[in-house]
Amino acid sequence: MNWGSASEFFAMGGYGFYVWGSFGVTAAALLIEALLARKRLSDTRRLLRRELAADRDNQD
Amino acid sequence: MNAFLAIVRRDLLLAARRKSEVFTALFFFMIVVSLFPLGIGPESATLRRIAPGVLWVAALLAAMLSLNRLFAADHQDGTLEQMSLSPTPLALLVSGKVLAHWLTAGLPLVLLAPVLGLQFDLSARSLGILMISLLLGTPVLSLIGAIGAALTLGVRGGGVLLSLLVLPLYIPALIFGAGAVEADLAGLGAGGHLSLLGALLALGMFFAPWAATAALRIALE
Amino acid sequence: MNAFLAIVRRDLLLAARRKSEVFTALFFFMIVVSLFPLGIGPESATLRRIAPGVLWVAALLAAMLSLNRLFAADHQDGTLEQMSLSPTPLALLVSGKVLAHWLTAGLPLVLLAPVLGLQFDLSARSLGILMISLLLGTPVLSLIGAIGAALTLGVRGGGVLLSLLVLPLYIPALIFGAGAVEADLAGLGAGGHLSLLGALLALGMFFAPWAATAALRIALE
Amino acid sequence: MLRAHGLACDRGDRRLFSAVDLSVSPGEWLQVEGANGAGKTSLLRILAGLAPVAEGLIEWEGRPVAEVRDDYHARLLYLGHAPAIKEDLSALENLHTTAAVAGRPLDEATAMAALRRIGLKGREDLPARVLSQGQKRRVALARLLCSQARLWILDEPFVALDVAAVAQLCSILDDHLSRGGMLIFTSHQAVQLAGTGASLRLGTPPAPREGAA
Amino acid sequence: MLRAHGLACDRGDRRLFSAVDLSVSPGEWLQVEGANGAGKTSLLRILAGLAPVAEGLIEWEGRPVAEVRDDYHARLLYLGHAPAIKEDLSALENLHTTAAVAGRPLDEATAMAALRRIGLKGREDLPARVLSQGQKRRVALARLLCSQARLWILDEPFVALDVAAVAQLCSILDDHLSRGGMLIFTSHQAVQLAGTGASLRLGTPPAPREGAA
Amino acid sequence: MSQRLINWFKFASPASFYPLAGTLWPWFAGLASVLCAVGLWISFFVAPTDFQQGEGYRIIFIHVPASWMSMFIYCVMAFWAAIGITFNTRLSGMMSSALAPTGALFAFLSLWTGALWGKPMWGAWWVWDARLTSELILFFLYIGYIALTSAIDDPRRADKAGAIVALVGVINVPIIYFSVKWWNTLHQGASVSMTKAPTMATTMLWGMLIMALAFWMYSIAIALYRVRAIILERERHATWVAELPEMQR
């Protein structure tokens, strides 16, 4: 184990800004990408569902 | 005033419709700036020296590239005819187009410039001055450019004459803009350069729409 | 072959009819090159160092500027449709257009470059190498540019998008071209860079017309 | 009312026409006729104030147009060969912009109604680029439906329209005339309009001098 | 002869037409009719091989066009809405270039004769930019006079032409048909052609779904 | 035609790939999370402190995998582009455009983490080094691809145009890499060359490999997920879409 305490862990031997800047932005970016992809799929589905419902109504 | 806003809105809309237009202008700026180190070599001392000049020249080119479309499309499809028949003064409509141009082609450059400055190893202070100089200078580019764009429509085969006319007007902006950063680096203070740039801007805002309008009327005859 | 020559002739004729366009490309080249001493300051040591890079970047931008006219007009007025219906293979006609583009936008730059190089205090030997590198490099610019021009045809915001696509692909030509002069200045000999530039040219002549044709067919559908 | 005396027009080294007199009063139409290249477009552009007058005088409500230019333009609607349509904007957005530029912004409902009436229902939001030739012309013509202008100057408004659209346009023009509007137009097709009207025939331009460039 | 079975065309998310059958034999003409936006231009572009076939088959002299593409194109002349005219070149230069691109270079005399016959005498050396709308169309149509193509596909060739030019064009088309040529064209005006012919009516496209983007 | 080939084309149709992607992506996502957890554990708790760079070197555990993925994904895009051009399958274009944003993201992360590493190690956020420069150009190529395909409305046209960009770009990637390398080395200059982590310990190597694997799985998962959205957007008028269970109600 490399770390004596949590604060030592977050300080990263003085490189905290750089290390957490890298890991943090990476994590955030991947998370945001995943969320955007999910939003895209669910938006498309909602739109299609509405269109299909409108079609069915038109046929009736 | 209504028509002025309508023109600004329409041009912004057109820019938004070309989804990536603003971004591509930005990336063009980025790429051009990055080309210079590739052509010149990677030594950071040289790069720091040429940084303000390179950034300013690139901003000038990026603004200029988008300029030649400023009136051309409107001319071709007849919109310009309609504008000149509008009860709103043509000069006001032209100002609207210039404003929209600056918002889409000038302002983004100002915001991106510091990031690119980092690649050239500029200090935070120099970056600040660079941004201020661009903030004052890019509207001048749009304004002067509008005159040029309007003249291009009118004068067939007069392209050379045109650039000859516009160039002397661009150069002061470049010299004061890039000079501001360099003067500061040399410890001379950027204030003088920046206030000259401000004076250019005031002058341009006053005269350019009028001149561009006159040029457009020639093109329309 | 007849149609190939007809295309070259027609494009040269159009360029001659609109002399201003050829001259503006040249003039643009001159302006960009001359802006640097203004933006950077007059020290001849610095200037000599950055000269090959600046000249090459300027040539690259000047060649690129004239690109969006390469197919756009033909697309709009229906000529491209006629070309694709011609019994002559479209790739051959495209090569004709690329050749004409180089003759009007590339070759003049090559001829003008030494004059501008003098402004930067380059030696006669360096000027010679600069010219050779441009002679080999500018056709590459036209060839790669044709792909970009074809891809962005009829696309919203084409002009800037074109530069975004094309500039990254231009980088090897820039590096070898400017590198040739610098290597020679550093006493390393320009031969290696020039032969790499030649290889790029061969590659481009082989692939680019094909890729541009494929892109044109997409635009025409 | 619009009145012109002794108009002449030079293009290049040719005199296209000279000594043209015309007048249009409220509720009247004037059809300008003539072969291709006779100078119809040139005449209309002169009347609209888009091209300079070589010779002659144009009067609006009894006063020279040059003096009352702004007032004249506020009451004028001109549609030329180029339809002032942005290919990247939708039909609706095109209509909104041209109306705003002409100084009379539209509300959404009016614009939609105009597009519907001109036969673009369901195409309101397509970019003009993908519309057919005739549909593009219709987008331009939709302006007529929202216009309060007294004088309409239309250069070949019937071009590219199908039969139904031609009839539709005729009825729009009739409405305009019956409201006391004035109309000047050109057309190579025969057109039936209500109201009183006249036609002005521009002669074939004189054969050019042999050997003239 | 040209023959097509079961053609369909999609534009955007609309199906413009489907199950279109047509055939044209030597000496015959086919007029494609339909309202604005019915898909006439789209059909003609598909037939010319400029747009991909969504469904169906096109045969030239009994073989699928896809197989004999070069031969087919060598015998085809297509004129679309855009006239392929360079504004900066003169009428004569325009004609020379289009002919060379089409693979049949012209000599000076033929070209001059064609321009004269189409009514551009004295305008041969003016840049197309200054020509009137109808004169520009005539420059494009001059190609017909120098063409050896068997099949002509013309999209609204009569647009912007004056009465004399329409008659002139009709006689050119008649000549072509009487030499055993084939002709497919569209027009919103009624046209009288000699020879046998048929007309194909494209229905109004189905109303788009409400609320579809 | 052999049985296997027919099977291939069956899955190459969007209608059958849509459900397949739907069942596959959760597995890859799960694998990515597990690998990521292991990788992070190694990066922070197993790998020892570097005696030269201190704790700052831990950036390597995302920097290097991100750089690798950015290059790898471009090659995969070019592969799909080639398939699309030769066999004219619709799915390949969709795969390319599903991959592009992820590739651009990794290129960006490579630049970002590299810059954050460079500041403490070299004292500059950026130097014009061969690797850095060619990664920057790769980023531009991604942006060009995305900008072009999103500027074209008709998706099939966009796919074909994108395929040409991907192919032309992939020919250029090695050319760019080597040209930048020669440009930089021939010219002496004061540039700092990339310091190799000294004696890469095996734990470090393992950490990097596992993180790289995690990113790889993540890319597959997100691409499969995104391609589902793309398929629905493009096939919205197909009957099979209307019959999907999630479209009922």
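A, B, C, D, E and F are the chain letters, set down in written order, and residue numbers restart from 1 in every chain.
To be clear about the criterion, contacts are C-beta pairs under 8 Å (C-beta built on N, C-alpha and C of every residue); 3 or more make two chains touch, one makes a residue touch a chain.
All values derive from a computational prediction rather than experimental measurement.
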item	value
Leading chain pair when contacts are tallied as C-beta pairs	B-C
Same-residue or different-residue interface between chain B and chain C, half as cut-off	same
Greatest separation from chain B - chain, by CA centre	E
Distance between the centres, which are taken as Cα means, of chain D and chain A, whole angstrom	56
Interchain centroid distance [CA atoms averaged], chain B/chain D, Å	37
Inter-chain centre distance, chain B versus chain C - centres from mean C-alpha coordinates, in Å	25
Residue numbers of chain B (touch at least two other chains)	17-20, 24, 27, 31, 38, 41
Multi-partner residues of chain D (at least 2 other chains)	81, 88, 127
Numbers and ranges of chain F residues touching at least 2 other chains	140, 143, 147, 151, 180, 183, 187, 236
Chain E-facing residues of chain D, complex	11-12, 34-38, 40-41, 81, 119, 121-123, 125-126, 130-135, 137-138, 156, 159-166, 188-189, 207-208, 210, 212-213
Chain F partner contacts - residues on chain C that touch it in the complex	147, 151-152, 155-158, 161, 164-165, 167-169, 171-172, 175-176, 179, 182-183, 186, 188, 196, 200, 203, 207, 211, 214-215, 218-219, 221
Chain F-touching residues of chain A, taken from the complex the two chains share	1-3, 9, 12-15, 18-19, 21-23, 25-26, 29-30, 33-34, 37-38, 40-41, 44-45, 48-49, 51-52
Of all residues in chain B, those that touch chain D in their complex	2-3, 6-7, 10, 13-14, 17-18, 73, 76-79, 81-88, 93, 220-221
Interfacial residue positions of chain F with respect to chain A in the complex	44-45, 48-49, 54-56, 58-59, 62-63, 66, 101-102, 105, 108-109, 112-113, 116-117, 119-120, 218, 222, 225-226, 228-229, 232-233, 236, 241-242, 246-247, 249
